[in-house]
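Naming follows writing order (A, B and C), and every chain is counted from residue 1.
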Amino acid sequence: MEIVRTPGQLEKLRRSLSKERDPNQPCVTVCGGTGCRAYGSERVLEAFQVEKKAQTNRVNLRMTGCHGFCERGPLVVIQPRGIFYPGVKVEDVPQIISKTVEKGDIIDSLLYVDPTTGQKITYESEVPFYKKQGRLLLDMNGQIDPTSITDYIALGGYGSLSKVLSQMTPEEVIDEVARAKLRGRGGAGFPTGLKWRLTREAPGETKYLVCNADEGDPGAYMDRSIMEGNPHRVLEGMIIGGYAIGADKSFVYIRKEYPLAVKHLGIAIAQARGYGLLGKDILGSGFDFDVEIRLGAGAFVCGEETALMASIEGRTGEPRPRPPYPSQEGLWGKPTNINNVKSWANVPLIIEKGADWYVQMGTEGSKGTAIFSVVGKINNTGLVEVPMGATLCQIIFDIGGGIPKGKEFKAVQIGGPSGGCISKEYLDTPIDYESLTELGAMMGSGGMVICDEDTCMVDLARYFMTFVQEESCGKCVPCRVGTKAMLETLTRITKGEGQGSDIDYLLELAEAVKSSSLCGLGQTAPNPILSTLRYFREEYEAHIYDKSCPAKVCRDLITYEVLADLCTGCVVCARNCPTGAITGERCAPHIINQALCVRCGLCKGLCNFDAISVS
Amino acid sequence: MIHLTIDNQEIEVEEGTTILEAAQEKGIFIPTLCYHEALEPYAACRLCAVELEGKRGSRLVASCAYPCEEGAVIHTDSEMVRRSRRITVELLMASSEHLPLVKALAAQLGVAEPRFRLPPDDCILCGLCVRACRDIVGIAAISLLNRGMEKRIGPPFEIASNACIECGTCVLICPTGALKLEDITKEEKAIHRWGSPFDRRPCHICGDHDLEPHLSLGPHSILGEQTSGEE
Amino acid sequence: MADFSAKEVDDILNGQRDGTESSLILILGEIQERYHYLPRDALILVSQWLGIPLSQVYSIATFYNAFSLKRQGRHIIHVCTGTACHVRGATQVLDRFQRRLEIESGETTPDWEFTLETVNCLGACALGPITVVDGQYFGQMAASRVDKLLKEFGMERERA
């Protein structure tokens, strides 16, 4: 590593690195995101390394960041043709090398089969999951090794920083970001350019920058994917932001539950320092800037900006009232600009291609792209990036591949525990900050959980309230006690102990907690209840008045039974039943003793003959 | 100087004044629980919430912490405010309706029975004791522990504190009397709740052993009622 | 996990890039990593070294889920109960663990072998429901696969 002292040197380095990347040389890229690693992609990579040593010809091998099509890991893509092999096993590796890499032959049996058409698809760009996306922030994830700064530079990385430091004033940078109408991707959508300007104009010499990488919404992992797969882009955005705002010190506050992202970020920071892109007199501009990592410690509330700052200062994550806003008084009382990972990642692109290009994407009020982690009852679980304005229908069905096992779509929960659900009547809604809020949901940080006919919406609301209750910091009365009161009510309802007055009580509490809570956690905690009541009131009423759970989820309202004509008497369920509730002789239909059954569902999971029914 | 309207009264205050301070200056009463003029605002009890008009509708803000802004229009006793206060008090009653303070608030706001119950607790987690010990006395012998419904106050490891200097500030500042100086022996007192033992000494002026500290915040000051001056 | 050693904690403290209050959570994280919990004496040492009140250090130790004040077992099981995993049946997986280990979430088995915890989203939702044991990811868990997983970590079936 050698310090790059001028924009000219950076450009020279980029050109020489780019030359080394022979575009025609086959390169095997293996997805190394957390998801694919859990599928075993590291062993696949090892197999490639072993195989590569055995070959005489040069085989390029690269482990990249998260490709996003998490349902089908481990993902292997052979560049430059983009030949796409999903679900690769270690045994497949030798023939991938000998046939595809050496000879350029496609291995038919390894190709992706489109479940709707039955067709085999060869190239990554043609896989429906990818084809219909508009990948901007995630585009590099498949092309670079995130632990290699040279990969990033070779593809143009840090070019925007170079441009900013040599050709733009801080005010010009802020103007450009403002003209691009970039809105905060942490969920609230506050205009980023405005926030930068406010921080810049706040009185005082010392200012700070923060990257909020505390992605706490369960089910959302876009930020993880960017931090793992392309941390340099985030760093570049932050350095540019620091220059624009006049801050020389910054922190990335990142969840401990993302060990790979933390590791890659640490490597990226060390490399950037090594090349002089962080530290003193960056690229000879006289601008100093550095980044430090601060880890979260398992508190969802620390995603809230004032709690986050308290945590960085070494205190508990208790929010404080605003004003003063962080841009006026933030870390240690100094003006601080806090932005989400995706907001920072957008910045180098805006500088590179210009605000005019950026505003062409998206809707009137929401420009650029949105990334959603589409999870739950969906065929193609993964990360979906689309221009703002794409519809839910496109995301869930065209890209997501619809609901598995032929089940009916019921609702999509957007925005995690702060968000709300949207029912099927609104699937054609173009997505942007305003449209989602109007429907009672929230962009949030972009987690999208798909629910089908087997999801109980009351149970879902109870799940989110349980989550909020566990994560509430406990400082203010409405959130601490109010969420407990709402949770208790919901729990009673799911147990068949609901009362007629419960729905009104929930609504009254929800309104009060929403308007009186100190911070965003409490203020948005009632949203799941409010939105499920809005679209699925009949489900609540069924639980309360009929003591029934239409989706057959709530344990106290369902019964498990053995279907005598399908039961083969294999005894597997009886042997495993934790309470010994199933009795029966071999080869004779079994019976479940309802008095002992705790509805754990184990028997149904074990039965190979579908002989257990739930009603 | 900042000009704003509180309860249809136009007033003028110095920059940096909070809404609560401005209201108090003009004799407009706003109830508080976790506020104390000797400490930085904490904004936890939400009882002091007032309605602030805005471009996209009104919202509730904690008057103890919200600064007066030019042209602001504020209502301290509107329907929105009363609804919020009633639920806040009702939620407090879940665990603390036996406290005279909470009873008095409930009576004033017309809240009858809480619809939700928790195990009884004298502590309402206003945090005054912790903040006073840390910011006035400078010892920080106690702190807030855990989070959510598990939140409580205590010394490290919840055993008798080494750092506590037995000054009694926490006892004085507690609005509910959850903290008491209790007799154990003639020469020893322990601060109830976290058992810090210490020796009692007679006052060097009058020789009295049995000083009973007075609560500086009684239900009366919190409810804004006139006291006869004997508290 | 070894027993608490003042020297080790001292090393952790001296190895900090930033020796201010701001690195408190990082320091506690390293101690937690080392001992699988935060020993009382370690907290006292940290408080003295950083010059911040012990009550603040203790407050932080109790506030954040990543820290445990109780000794933990040899194997730490994290069952993900994030939304995606929940919708795919994480409750049943957790239930099964609780039954087999005879402990509730947050507790450790009497023989100090297993500690059972829940975690809210590891970001690998495609493989839900996920369970992580000692950093190893087990995807597509179901109640019926719990016994086998426990066996891999040395727990034999008691029931016939």
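Some points to look at:
One rule holds for everything that comes next: contacts are C-beta pairs under 8 Å (C-beta built on N, C-alpha and C of every residue); 3 or more make two chains touch, one makes a residue touch a chain.
This structure is a prediction, so every number in the text was calculated from the model and none was measured.
Counting C-beta pairs in contact across A-B and across A-C shows that the higher total falls to A-C.
Taking each chain's centre as the mean of its CA atoms, B is the chain most distant from chain A. One finds 36 Å separating the Cα centroids of chain B and chain C.
Centre-to-centre spacing of chain A and chain B amounts to 41 Å, using the average Cα coordinate of each chain. Here the spacing of chain A and chain C, counted between their Cα centres, is 23 Å. Shared interface positions of chain A, i.e. residues touching 2 or more other chains, are given as 299, 316, 470-471, 473. Within chain C, the positions touching two or more other chains are listed as 56, 59, 63. For chain B, the set of residues that touch two or more other chains comprises 144, 146-147.
Against chain C, the residues of chain B that register as touching in their complex are 134, 139-147, 155-157, 163.
On chain C, the positions that touch chain A within their shared complex are 17-18, 20-26, 28-29, 52, 56, 59-60, 63-67, 81-89, 92, 95-96, 99, 119-128, 130, 135, 137, 139, 142-144. Residues of chain A that touch chain C in their complex: 34-35, 37-39, 70-71, 73, 215-221, 224-225, 256-259, 292, 294-300, 311-317, 373, 375-377, 381-382, 413, 416, 447, 449, 451, 455, 460, 463-464, 467, 470-471, 473, 576, 578, 600-602, 605-606.
In the complex of the two chains, the chain C residues touching chain B come out as 40, 43, 53-59, 62-63.
Interface residues of chain B facing chain A in the complex, by the touch rule stated above, are 41-46, 49, 59-62, 65-67, 80, 83-84, 87-88, 91-92, 94-95, 115-116, 118, 124-125, 127, 144, 146-151.
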